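One chain, subunit A, appears in both complexes that follow, with subunit B as partner in the first and subunit C in the second.
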Partner chain A sequence: MFVAIMMSGLAIGAVYAMIGVTYNVMFSASRVMSFTAGQLGMLGGVLGAAFIDVLGMPAILGFVLTLAACALAGVLTEIVAVRPVLKSLEQHLYVLSTLALALMIQQFVAIQWSTEPQPFPRLLDFGGGGPGDEKFWLPILACLVTVVGLEVLYRHTLVGRAFLAIAEDNFAARALGLPERNLRMASYALAGVIGGLAGFASGQLLLAFFANGALLNFYGFVPVALGGLGNNRGAIISGLVLGVFQQAANFTFGGVFASVAVFAVFIVVLLAAPQGLFGAPAQRRV
Partner chain B sequence: MSEAAGQAVPAQRGGAGETLRRVLPFAAIFGAGLILPAVSNDYWTLIATRAAIYWILVSGLNLVVGFAGQLAIGWVAMLTLGAYTTSVLALGNVLPPVPVFAAFAAAALVGATFGLIVGLPALRLRTFYFAMTTLGFATIVTQVALAWQSVTGGGIGVPGPVLPEPLDTTLGFYLFCLALAAFCTWMTANVAHSRFGRSLVATRDAEVAAEASGISKPRLLGPVFLFSGAIAGIAGGLFATLQSYITPEAFTFDLSVLFFIAILIGGRGSILGPLIATVVLTWLPEFAAPLVVWSTFLYATLLLVIVLAVPGGIAALLDFKNRRPLESSRAILPRPELLPEILGRRPASGGGITLRDVVLSFGGVRAIDGLDLTIEPGQVHGLIGPNGSGKTTTLNVICGFNTPEAGGATLDGAPLRPGTPQTRAPSGIARTFQTPRLIGEASVLQNVMVGGAIRGQGTFLESLLSLPRHHADEAMLREDALLALRTVGLEPLAEVRADRLQHSELRFMEIARTLMLRPRFLLLDEPAAGLSADEIRRLGALIRAISRQGTGVLLVEHHADLIFEICDRVTVLNLGRVLAAGTPAEIRVHQEVVSAYLGA
Partner chain C sequence: MKVTRRALSLGGAGLAATASGVARPAIAQSEPIRVGWLAALTGPSSAPAIGFDRGVRHAVDAINAAGGVRGRKIELLVRDTQGDPTKAVNAAQEMISRARVHAIWGPTNSGESLATTPIMARAKMPDIHPCFVDSLIDPAKYPNAFRLAPSNSQIDDAVSDYGVQVMKLKRFAVIGDTTGYGTTTVASSSAAFAKRGADVVYKATVDATQPDVTPDMLRMRNAGAEAVAVWSVSPGLISRLMNTRADMGWDVPFIGHPTMGAGEVGRLIAKPENWRKTYILGFKNCSYGPDGKLPAHVQEFVDRTRGKIELNDTILWWVLCGVDAIDLIARAVQEAGSTDATAIIRYWNTVNNYPGLYASYSWSPDNHNGLPQTDLVMSEANTQRLGAYKLAPGYA
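Up next is the complex of A and B:
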């Protein structure tokens, strides 16, 4: 029982964590929190099922195409919903533009795909239904790959360092001649890949369902709020803890209590520590 | 604010005509609603009933989203709560059945309670965070409705309440909803055109200025969330009556999107715009069958287009008045002789503002490093120094926006608590800003009236119901604001949208706003920046006259000429320390100041 709770908790937590990182990658590049983060996760699941199950592609090809399509969706977010409002003085406009785009993506999928959850194909047929099933460890593996990948990218590649520079000080980075716009688009593509990976890896867990977008939007944001804006380490830890907490509450008290408990924790932490538990920069107002 | 901007000013000429012009579009819409059943069938009456119910919710939400600018995207949760509360109480599957109108009252109570609970985080959280909490709340309410089978019937649902005769017919129920919708429109219009409505918009567009004017966000937003939640709860009860049977599926997030988007498409700070948008969005899917499926997609697309292309929404498109060109050659002619009328009527002032040993760092930089400063009543105190010497930071310490690490500010010997900028206005300390903080969509007059918001006596409830004290407050604030505008020389522009003003005019508008507080102390942050030589001269005379009324003025400025001409005392800052202090004559010849700052 304990193993089952831990595995399912870590699996779902890994998905939340990765959506949290998706939020963060977009935020670091543009100071924008985008409602499309959760939709990217949803797209990962739906497109994976569409490519492999419906179109009958080999799993690996479906996987690559899914990530490519999600990267494209990320870039689309940047072009349609972020770039036009970045220059605006009104800071809240991005909330509306990304919300609009997220709703458009969600409704499009609902109409063109299905409004019912659809099965996601077995990829490796490994684990046989128990706590060691692939539907549990695939998301955890994907999360691990994301963590290691981001670490390598940020620490050991020039592009990664440029990402960090943009996140640290946009103006200084531009003054140094960094191609800020291209880097921003690349960041959104990267966010798309991470979101898509989260969705694809959790396809068997969450199924290919259009409403996952809104769900992931919220549960993926909780780790960001707890971990602090732009803090990937905070998001990963908070995401995993959140998943285990939710599953434990789910098994012990039932689903309603688990949801209410997560929401209550979210609100209490936000009110007590608006900057998150792991810290994020404060802003000057006057 | 555009519509309100034009309409809240019946003022001098033809008050009745102006009121008529303001009410006419609403009368036309509700009049059309009245004759609709006579000229069409039950089906269209049902659609119109739904539009009326949606509007009841949206009218309240409009105060939260459109006026206060809080992105409450999950308000469908209040509809759900209201619907289940009335249905369950009227059905009596948990408690003994209660009369249906008592059930509606309970729904209003539940809606108000949760409106407040969900709304309160808005006091601390920024835009996206708040949007997320309302979204999360909406998700959870639906999940609870689905899972709490003993009460809500789970996925099977419960029957909605049945209203007594004659409201149980299609026509009777429609007219009931229409009347309630009209009543809600009236109430929210009253709030919109009160100091509460203006303060809401101020916290949205110029939050720092609102705080400096003494507007307390919790006290302002609390009643708004209660009201908005309450009428959303009632709308929920009506919705359940209309549906006659409710399941959690009836309360999709799409519905929340409709409410939210109706307000933004209609235009923030308007009532007419969101009303039109609510009717159109409800009616649109009936127009063509394919639209039913694509309706939410269409709403989202509309939202994107509005955000990117027409941020002002329908209301901005309808705002013809503010497209007329303004006179291009206009001069600001202050009339300082009117100041006794404004400033003469206040209690005699006591001591001064004193700063002692203030130390404040930003990161590794010491912005203020052991500063002493005293502002005496009735004197102009100049604060000069190079960029980054800590002038504005000094102002922010006095105003409570920045918290010093050591030392602090006192007024009449009593400490001014740091971190509480909204308490400065009641103590008689007013300020302007280096970059003018204004409500661009509101008229100049309304911008100035915001400055006096805390002087109103009436409560939110009195404004809601348009009771006598609400009218007394409005008349007093309008009269004082016009007087303040006359004093600074902007009266001819009183009804113009503030964002159409020139930069120099905004500086004077900010001063007019501070005069509304009848300040004992006035802190001016580079008021002469961007002004012409003539304007600087008139500004100097105005500041001088203000101080002669007993008001202590702290003047942060770069224009040395202005400083030396009007100041009684001057303090020179450098790297957060006092380089020199004394009379203008002493400073003018101070060796270090001349070499470091004044030059030559």
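Up next is the complex of A and C:
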């Protein structure tokens, strides 16, 4: 019983964590909280099912095409919903523009795909449905790959360091000759890949369902708030803890009371540490 | 005799009045019988209306091809309400005021019906519908409204009767989704089990988008449930419950909502065997007996309409109920001899054991729930063929 709840909690938590990282990657490059993060996760599941189940492609090809399409959706977000409002960040117009794009993506999928959840294919046929089933392992594995991949990218590659530079101070980065706009677009593409990977890896858990976007937007935001805005390590740890806590609350309290428990803890944590558990208080020059 | 202009005018007016008085019944007796059909033909809850529509159109064509009712053809006025109560209200008002229909069939979902029923009652418009919510039928408040399908109370009784009296089980878990329907039905279904002396050991609502239901299923098992009553129209939630049941190796039966037998559920379950031991509410006339056949008169209808009515992608009772609705309106005009609203309602109030395809209906001035409890049965969820299911164990 303990193993079943832990595996289920870690798997769901891994998805929340990756959507949290998706939020962060987009935020770091643009200072914009893009509410298309959850929709990128939804697209990962729907496109994976469409390529593999409907079009009959091999799983590996379907996987690659799904990530490519999600990267494209990330770039589209940057061009359509972020770039036009960057000059007036303080007016928070991006809330409207990214939410509008998110709704458009969701409605488009509902019309073209289905309003009912559709099956997502078995990928490795491993685990036989128990706690060791691939539907639990794949999201955890995807989360691990994301963590390692981002660590390597940010710490050991020039492009990664350039990402960090514009995240730290984009004016200084531009002054140094870094192509800020191209790097921002690349960041959004990377966010698309991470969101798509989250959706693809959790397809067997969440099914290919147009409404998953709203769910992921919501629960993916919690690790960002708990972990501290822009803090990927915080988002990963908070996401995993959130998933386990949510499933434990489901088991302890049952039904809708589990959500009440989750958000009660969320509010208490934010009251105690408004900058998030892993975030530093914002410093201001005086 | 002096003919004055005033006398001529008065005489002319009198003649015109007499002529129109004579002519009106003659026109009324030859005009078509206008039947309004409030159908949610598009939108997320369109599946039932599409099924009903096939039966409705078949019945109208059949009656008109046979010469109509007392020589009058049936004219169908269809309005797509899209499952939206506001659109249903507008369509009902348009049918009553502008199209001047003689009777209305529908709406076919309770949300729309809750909005249209008082409007139709004010207009004294004869209305039959298949919606489940109990409060939609009240002969004192809505003397014009008649129900063809079961009420929620009847459904609760049928499912709890099957669990307690046929399966001989004592301990039940009752769960639903977090919609208004799921929440209210969990409460009413629990009360129905308790009324029969059973223990409701677990009662909860689950968000239909919850990715994994393992914790909920563990709680039900730990509470000692011998069967789980499921009240949800979400194929996603239902398939997760079935898959988790199989993954846990828990051999517990599911009983409850007909959506558990929907084709979408079949596509979402991990293995076909995960669909076993699931029993859904069904109807005697739409269930295959041990011989693999439907009741004789329904089997004859299905055989006769093979190739004319598509049954592979719908539910048989929707189609049959659509046929019965039109037949009952036509019969009312036939027996009453007119399309007068009062006459149609008066006839429906006398219907006793009317042998429909979907069920045998009885209405009276005090009871507008037409479907007898004995017509409700349980069916095996994974046996759908041509929109009908095999009877669940215990009926043979």
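Worth a mention:
Keep in mind that, in the parts below, the second predicted complex is superposed on the first by the 278 of 286 C-alpha atoms of A that agree within 3 Å, B and C clash if a C-alpha of one lies under 4 Å from a C-alpha of the other, contacts with A are read in each partner's own complex, and residues count from 1 in each chain.
Note that in this section a residue touches a chain if its C-beta (ideal position, glycine included) is under 8 Å from a C-beta of that chain, and two chains touch if they have at least 3 such contacts.
Given the structure is predicted, the values throughout are model-derived calculations rather than measurements.
After superposition on subunit A, the partners subunit B and subunit C collide with one another. Using the contact criterion defined above for the overlaid structures, shared-chain residue A:263 touches subunit B, although it does not reach subunit C.
Residue contacts after overlaying the shared chain place A:130 against subunit C, while subunit B stays out of touching range. Once chain A of one complex is fitted onto chain A of the other, the partner contacts of A:119 are limited to subunit C, with no touch recorded for subunit B. In the superposition on chain A, A:215 makes contact with both subunit B and subunit C.
Judged by the touch definition given at the top, the superposed model places A:108 against subunit B, while subunit C stays out of reach.
In the superposition on chain A, A:96 makes contact with subunit B only, not with subunit C. By the touch criterion defined above, A:254 lies against subunit B and subunit C together after alignment on the C-alpha atoms of chain A. Once the two complexes are laid over each other on the shared chain, residue contacts for A:274 go to subunit B alone; subunit C is not touched. Remark: of the candidate stretches 153-161, 279-287, 351-359 or 495-503 in subunit B, the one overlapping subunit C after superposition on chain A is 153-161. Shared contact residues of subunit A, touching subunit B in one structure and subunit C in the other: 215, 254-256, 259.
For subunit A in complex with subunit C, the residues that touch the partner chain are 1, 4-5, 8, 11-12, 15, 115-119, 122, 129-130, 133, 202, 205-207, 209, 211-212, 215, 247-248, 250-251, 254-256, 258-259. Those residues of subunit C that touch subunit A in the complex are listed here as 44, 175, 178, 202, 204-207, 209-212, 214-216, 218-219, 235-236, 239, 243, 246-248, 264, 267-268, 270.
Note for the complex: subunit B touches subunit A at residues 69, 71, 73, 121, 124-125, 127-129, 131-133, 135-137, 139-140, 143-144, 147-148, 207-208, 253, 257, 264, 293-294, 296-297, 299-301, 303-304, 307-308, 311, 362, 392, 396, 399, 401-402, 433.
By the touch rule above, subunit A contacts subunit B in their complex via residues 33, 80-81, 84-85, 88, 90-93, 95-97, 99-101, 103-104, 107-108, 111, 214-215, 217-218, 221, 225, 254-256, 259-260, 263, 266-267, 270-271, 274, 284-286.
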